[in-house]
Amino acid sequence: MAGSKFAYVRKFELPDPLLPDTFMVFRLDGHSFHRFSDKHNFDKPNDLRALQLMDHAARDVMEEYSDIVLGFGESDEFRVSFHATDWVLYRCFAIDRSSETAAIIHLYSDVITFLLRKSTELYNRRQAKIVSTLTSLFTSSYVFNWPRYFPDNPLQYPPSFDGRIILYPGEQQIRDYFSWRQADTHINNLYNTVFWALVQQGGETTTQAHATLRGTVSKEKHEILFSRFQVNYNQVDERYRKGSVLVRDEIAEPVESAVIPTSEAADDAVSEPSPMKGKKAKPKREAKSKTRIVVLHCDIIKNDFWDARPGILNG
Amino acid sequence: MAGSKFAYVRKFELPDPLLPDTFMVFRLDGHSFHRFSDKHNFDKPNDLRALQLMDHAARDVMEEYSDIVLGFGESDEFRVSFHATDWVLYRCFAIDRSSETAAIIHLYSDVITFLLRKSTELYNRRQAKIVSTLTSLFTSSYVFNWPRYFPDNPLQYPPSFDGRIILYPGEQQIRDYFSWRQADTHINNLYNTVFWALVQQGGETTTQAHATLRGTVSKEKHEILFSRFQVNYNQVDERYRKGSVLVRDEIAEPVESAVIPTSEAADDAVSEPSPMKGKKAKPKREAKSKTRIVVLHCDIIKNDFWDARPGILNG
Amino acid sequence: MAGSKFAYVRKFELPDPLLPDTFMVFRLDGHSFHRFSDKHNFDKPNDLRALQLMDHAARDVMEEYSDIVLGFGESDEFRVSFHATDWVLYRCFAIDRSSETAAIIHLYSDVITFLLRKSTELYNRRQAKIVSTLTSLFTSSYVFNWPRYFPDNPLQYPPSFDGRIILYPGEQQIRDYFSWRQADTHINNLYNTVFWALVQQGGETTTQAHATLRGTVSKEKHEILFSRFQVNYNQVDERYRKGSVLVRDEIAEPVESAVIPTSEAADDAVSEPSPMKGKKAKPKREAKSKTRIVVLHCDIIKNDFWDARPGILNG
Amino acid sequence: MAGSKFAYVRKFELPDPLLPDTFMVFRLDGHSFHRFSDKHNFDKPNDLRALQLMDHAARDVMEEYSDIVLGFGESDEFRVSFHATDWVLYRCFAIDRSSETAAIIHLYSDVITFLLRKSTELYNRRQAKIVSTLTSLFTSSYVFNWPRYFPDNPLQYPPSFDGRIILYPGEQQIRDYFSWRQADTHINNLYNTVFWALVQQGGETTTQAHATLRGTVSKEKHEILFSRFQVNYNQVDERYRKGSVLVRDEIAEPVESAVIPTSEAADDAVSEPSPMKGKKAKPKREAKSKTRIVVLHCDIIKNDFWDARPGILNG
């Protein structure tokens, strides 16, 4: 073969297997979504269409890869940018940076975490293969399905995401990982909800709104919302307060549509058949033909969720 | 902070830096592109639109990441399944392994390799970050630009790619890596060109065509093409014979359009301004405002290409 | 600083942390111990002095590193070379691969496994640091203590060992790892005991002895031992049948010597104070002043051993 | 096989190959050698016997592993320990830590670096195997040969070392690595030589000596040495100023002893035949029977050393 004298370069392709029988958490993060959400005029504090699109892409990934047993999409961290010599974007909820000129605040809807069953042998647990393939499929579905959620708002440029795998040896760590993300979602969304109420309804500048919130604890934020804007935070849509929880639920055989667990999820779950059902994937799907992926907006910090779904951690 | 007792889970995020000052080859590969090309009726042996779309996505990635100094897109390997001892199976999907005859042959147009300068500090050389981000942007651009190249052929479902990084310590290995890929391109395309001529113009079945070609060397394939179909293989479009070579060429200051190096490349290079030129990327682009990415279809095995562009290996 | 322009070379020292909260199994293996045991005339089938020296070195390592919660030393695998299809070759060095008969058989006494508690932060879990330091200390103690066990048999040349770390996420895997090693010890030692009885007492050649044993199951080996040599294998010293199990047992405060669990272990455990107790290590030792390392030769496959020592897996 | 149901635990043994065709620098470092040198009354500022023992062990390692093309042993960094609430040992030559009570200064003679040829396939370039085996053999030889260099000073306890591999893609980095270490050796030894002259001959306390040296540059240290103690630093034994350089030099066939390059090296090189020449290693040694390892104390920062030995970097 003409190329054979060059083929030695293949020996530089080193193996990168991940430790067997260990949970894989795969976390995807939007790349420069601050700019992306600006350019596409995402609603604040949360953009429902953008969240639904994230859920859709996540569901597509879970349809294709049956070893993903759980997905969690967040109304991400807010990021406060300050007017300073160099603009710095904080990825944190430490509110007081001593600056007086916080300018912008966002919930980006750009983080999604997948949990792969610990026994998965997907791609022989090769790290780069898994990271790149899942990131690619999510991205592809995001762009592919954009027009469906933003029919009047064409995509300006191709968005991108980055992904990473984190290994966890034990169940408690998995519980704590998802608790960490959902607690974050709560903190961010509460701050954000009050902040934008102050700006959009209260007429404060963003600088004033940050000043108003500086140092307030959770209870005080609830009170501001309620006393000034008649909003009971606990009645805010759970989607925003809890994030999106994607699980593979068993469905009763004859009536597929009967199993949608909540009215919210129903809307999400009634998607047309995934176009990705190709030859290769089919046998898998037939083997588990009695499950479907549903999108919930429920608590995943307490035990109830997990007790009801022992298969997530026992797989 | 509410989430702080869970935050320990972050310590499981281990560092994955790649060796400094070492060339990074990043290779992207279409996922299940056999099915994808079937579903979208790609022309055989090569689909020009699909190749141009690959080039476009590759150029978008290079626009965004200035540390990529070279791209190479291939009319991929052919994949044939045979029942024979002396035939090489290329990553085959073996439609019918028990048959005596090859069943299917394709050029997929789904492999692209990028070379990052060895001194790159992109994302601090974090492996998963680089692999996932580049894969994601390429995928995103591919889907985003699909309608431009296939206006009457809507995308059926979201395609995906996988990527991997291979490190090479030396220049010779980089030369040999790209030689290996281009030699492959040549071998595959020659076989494929004759094969489809036999089928489409010669009226052979695919089984017959494989039988005709079995054991033939390069010279004999040229002769079949010429004597039976009056095709001089050396006059087949270089795009198919050489693949696509994307480089960053300096351009003369005042007349941007004057620098297109070849008439072939001209067509590819005259794209509208990339929509990705955002705030963040701008400074980079200004710094190198006198380069643009061009698509060539030239030899990269011999020295000429490299001698004319010392910056590729010296960066 | 004179050296500062060269100091950039440090950036090539990449981090190599091991996954947190995961069991580390550290296995040491003698390098070329076939030759080593020959040169030093080790007794066959087992050399008591060599085994005791291994135990001593293992204990020195455990004295120094309190995060090692278990050690297991084996009368290693036997290694036989056969010319047969149904015989398993254990890591063999194949003295005569073309012969029909095995040429040499040994128990090498050269493998030791340490278990580190899963929460250990030893050297920040840096892989090369742990592997090299533990290997080095074991080797050092082995050479240092050689004259004590082989007073009339001076060391001919410096022996060496290699080590590796294997991570296990779960308790069951740890149980199975040690079961695997002890089951191996049993199989090897039984074969070996019969083999050398046939040779040393039965007057067979090694070739004949292998032929005698070929195809025999465990029960048949027991019978040969008993009927021909009046040896009840179950009464063979447990050290040889079970290997050495090193654990950290709590000791009653006032009478240190009273706690030796078995008469066998007593002999091993009554060593003079370790000379390694240096300033740095002292605080650690004081904190756990009520434990000492004992050498047992007990079953570690069944539950009893583990049930009695929950700290090994819960650490 | 009885153990077969447990054998799955082997699948957790993951591959750890190092990048091909890349230089491996293997650096060994004494573990707690501050205490070790104290306990064994090493001479200050340098202990000749300890240095020769290091060289001997290094040579044993190079005898056994022909892919090691260079060794460099240092009169290590000095480490200053201060009287402070917590004693801190600095591994640096930053003299002024604002403390007035520096107490101890040492040259430890405990660091050795080996360079493996970039093409080496030793143990298939498996990282843990190489790191552990080389560390072990060095340690073993150090303990084994101790009595030869310290006949009246028995080893008090087993010393240990740790090792790590650093990969370098290019020749210049290798040059710079060794320049960095030798520049360090120079700086440390100069400081140390003056310091101990002030203490041992000048009657200063260690605190006074540090005060005297604080802020002095190289030239001033030379002057103190010369004016107060009539010592021309440039005439101090090169061993201390340059460290030990171990290379494999070709030797003239008939008269082996004629090739010793310097009188210093001669003494080092005339060792009895290595006891490690075993069956397995022999063929290798015969193939390169015309080389021997010599210990030099020469400059390795300038080009001369490397120009004379092109094989070190070209292997």
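As written, the chains take the letters A, B, C and D, and residue 1 is the first residue of each chain.
Methods note: a residue touches a chain if its C-beta (ideal position, glycine included) is under 8 Å from a C-beta of that chain, and two chains touch if they have at least 3 such contacts.
Note that the structure is predicted; figures quoted are calculated from it, not measured.
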item	value
Of A-D and A-B, whichever chain pair has more C-beta contact pairs	A-B
Chain A and chain D, separation of their C-alpha mean positions in angstrom	52
Rounded Å distance between chain A and chain C, as computed from the means of their C-alpha atoms	48
Centre-to-centre distance between chain B and chain A (centres being mean Cα positions), rounded to whole Å	31
Residues within chain C bordering two or more other chains	12, 14, 19, 21, 167, 173
Chain contact topology (line, ring, star, complete or other)	complete
Residues of chain B that touch chain C when the two form their complex	11-12, 14-15, 17, 19-21
Residue ranges of chain D touching chain B (in the complex, touch as defined)	19, 21-22, 118, 167, 169-170, 173
Parts of chain C lying in touch with chain D, wherever the complex brings them together	1-3, 5-9, 12-14, 31-32, 35, 60, 88, 127-129, 131-133, 135-145, 155-168, 173, 176-177, 179-180, 183-184, 186-187, 218, 274-276, 278-280
